[in-house]
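Scrolling down, you'll hit the structures one after another.
Next, two complexes with chain A in common: one pairs it with chain B, the other with chain C.
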Partner chain A sequence: MSKLLGWRKIPIGTIILEAGSTFEVRTGDWRTFKPVIDHNKCTRCGLCYYYCPDGSITLEVKDGKIVKVDIDYYHCKGCAICEGICPVKAITMVEEVK
Partner chain B sequence: MAKVIGLTGDEAVAYAVKQCDVDVIAAYPITPQTVIVETLGEFVANGELDAEMVHVESEHSALSVVTAAALTGARVFTATCSQGLALMFEILYITSGVRAPVVMAVANRALSAPINIHADHSDSMGARDSGWIQLYAENVQEVYDMIFMAYKIAENRDVLLPTMVCLDGFTLTHTLERVEMLDDEVAKKYLPPKPTYPYPISAEKPATYGSLALPDYYFEFKMQQQDAMNKAKEVIPKAMEEFSKVSGREYDQFKAYAIEDADVITVALGSTGGTMRSVARELRKQGYKVGSLTLRVYRPFPAEALMEALSGAKVILAMDRTLSFGAIGGPLFEDLRTLFYDAEKRPLIADIVYGLGGRDLTPAEAKAIFKYGLEIAKSGRIPELVKYVGVRE
Partner chain C sequence: MSISLPKPEYLAPGHAACQGCGATLIVRQVLMALEPDEAAVIVTATGCLEVVTTIYPRTSWRLPFVHLAFENAAAAASGIETALKVLKRKGLLKEKKKMHVIAIAGDGGTFDIGLQALSGALERGHKFVYICYDNEAYMNTGIQRSGATPYRAWTTTTPVGKKIPGKPQFKKNLAGIAAAHEIPYVATASPGYHVDLIRKVRRALNAPGPALLHIICPCPTGWRHDPSKTVEIARLAVQTRFFPLYEILYGRKYIITMPVPKPLPIIDYLKLQGRYAHLLRPEMKGEVEKLEKAVNDFYKWLERMAEATKDIPLPSWYHV
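What follows is the complex of A and B.
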């Protein structure tokens, strides 16, 4: 973590003047279970991408078609909504040992 | 020549707010504040004021709307009192925490239960630690003038704190008095330029507002607010002095009468100050050495200036129009006592609790209060630290 700043050095009223600061917050370490995609079963329908409340599903798109679905483990909190929504049961929650 | 018209306190607020050229108004009706926003609603409806009037479903929403609007750089206004202020409580701290320069009129009214619609200071006094600047008006002219000063103070870049203008319910809100108006051009020149906020929300420059601050940063943001309050102590007298110049009406953080050689000085907030001064004047004619002081700024507490003004007195009587249940005394009393703790020459300081739920303080009672103070001055002893005036046993 960077050095903590004093009250004279930070913007007033809790403003963060740079956009997108939440991206730096590692919410991935809140997780107990992590979703794992079975790419053989995955039909690349993209439903998990739309349902993920945290924007932690990434899509690789080529010529307007989804070619790969992945999980951003830096941000994924392990809520398991993707597991529940997957129509072909391609996502399984696996307990993480830390 | 400035225009002179008859206005009630509520109307005076509305006329001043109109002249301050506000952009966004949101409020929920509550007696005795309602006339303020009704009048502003008329101004907006007939085209006299180009502002967004947001009709909200509660005071909680009213303050939320104007707080957010202020962060876009708009000049904003809301008004409330009593239960409405209580419902705003959660947002009060957010408004000051995000440093939104909101101006709000508080038509002081007693809190329930029992339900009551008349003046006392239990509503605004409950919010004294919420990080808002608090101004209290003595008469309708002051109500009108304080709105301009409130924007000047709140929007000052060294301050950026929300400001309440408190006016006693009915005694000021519904009483018609002579008001000298400010010319529009004079008002415009006096007020700070827009945007009112240095980092206005914009799509071109995205930023995060109202973010999270955990144990590693929360304290720092609170220190910034404390620093802003300290700076307000310097900004307020300057804003008042400047207003005195443009209006020709003398303003300072308090209005003092005959305090220089007084043995007994009463310190009051709001309309009671007028009663005390009038009675003090009468007693002076009879040779009693009494004086009165009406405090116009309660937060930040003008400690140094008050110390200087009051230090010659033998007895100070704090006039609290509220109860701080279970405390040593009322809030004004406790502030004044704390102020003099380190003083070389400490006056005797006693508390007078009066006027709860709109009970009148009669001139006879005011006279008895001064006489009580003179008795303390003579004996050097305070018989009751907190004296309740006007209550039946």
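What follows is the complex of A and C.
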């Protein structure tokens, strides 16, 4: 979805044919603090993944086991829920300065 | 029940929900209950969830999704469930996966304007799951009170004045209303307890008829709390007995899924939310006590119901 359609081309009934197309929206812009994972502390329990309202915690899974946990900074809005939820305090919110 | 990871992300990120939104958190957890050989048609009522996930020309949904109007999520779900059944019977359904129908609506769309459509769908016995994410006001239009807004909560239509400190009425008992239809499954859930929530959705999907989940939904914008506190507040709602977690089977059997023998003081829950800020004033002590008594009375009644109905056997589909 790169260009808005003209009114003649809009599908009838405002049907949207491309599933999950908000994926291209950079909600990471909303952040002032970003969560940073300390991979030495992280036990890869996966808990933070279940509690992110923005599906911005990604798991790398091998043979049913979590091998890596990462933040998707393109989408993460910086709510800091994950920081509070982590049982071993492996996530810290860091102010983003440009 | 096993949750095999990684789960498909049925709700794509990039949606426009506020930071720390309870509604999108709930939807992610709900959809984790779908097995790999299953899919669902999602129907939503008008409200925050629908608005933030379907800003034209984009959508966050990676499942078939329909939005019709504010008041008719359950009616639309009824029609879709029936259509799927007929297509299947005629051999016209190409989809190999088992198709569920999940209706999702806010408290306004459920407790108030959608109640008639919901009652009809439950009475007709459609096999679908109805999810009410309850942020306790009409958030999308600017925090107006609903039948789900709790006693003494501030909203823009229940302002805190000298004479009336927030909403004068108590919350409706939605689970009780749904259970009065004697449908197979009714449950309450909290996104602060993901295993309990996902397990209940699984039971709702397995149930041989209508199922309703009433889910407490912290809303940083409307409840005036820090976005980082969404999960903590969702847990405190349970730990203070403000929002007990239980199930009602066939309108008869009550089960408390997360007993709270020693509740935390209700003020622990209230003090994190700006909509209750006025209740922290010393002269409001009586109001807090009234609310605390009401939640404890309800909890004790639940305990009595669970005890009185414990001999009713569990149906086979309950075990997940």
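Rule of thumb we're sticking to: the second predicted complex is superposed on the first by the 90 of 98 C-alpha atoms of A that agree within 3 Å, B and C clash if a C-alpha of one lies under 4 Å from a C-alpha of the other, contacts with A are read in each partner's own complex, and residues count from 1 in each chain.
One rule holds for everything that comes next: a residue touches a chain if its C-beta (ideal position, glycine included) is under 8 Å from a C-beta of that chain, and two chains touch if they have at least 3 such contacts.
No experiment lies behind these values; they were computed from the predicted model shown.
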| item | value |
| --- | --- |
| Dominant toucher of chain A (residue count), chain B or chain C | C |
| Partner chain(s) touched by A:S21 [first = chain B, second = chain C, both, neither] | both |
| Partner chain in contact with A:D54 - chain B first, chain C second, else both or neither | second |
| First (chain B), second (chain C), both or neither touched by A:G6 | first |
| First (chain B), second (chain C), both or neither touched by A:I85 | second |
| Which superposed partner A:C45 touches (first chain B, second chain C, both, neither) | neither |
| On chain A, positions contacted by chain B and by chain C | 4-5, 10, 14, 16, 18-22 |
| Chain B partner contacts - residues on chain A that touch it in the complex | 4-7, 10-22 |
| Complex contacts: residues of chain B adjacent to chain A | 97-100, 160, 199, 206-213, 216-217, 219-221, 223-224, 227-228 |
| List of chain A residues in touch with chain C within their complex | 1, 4-5, 10, 14, 16, 18-27, 30, 46, 50-56, 59, 61, 64, 66, 72, 75, 77-81, 83-85 |
| Contacting residues of chain C [partner chain A, same complex] | 4-6, 9, 11-17, 19-25, 28-29, 32, 53-63, 191, 194, 227-232 |
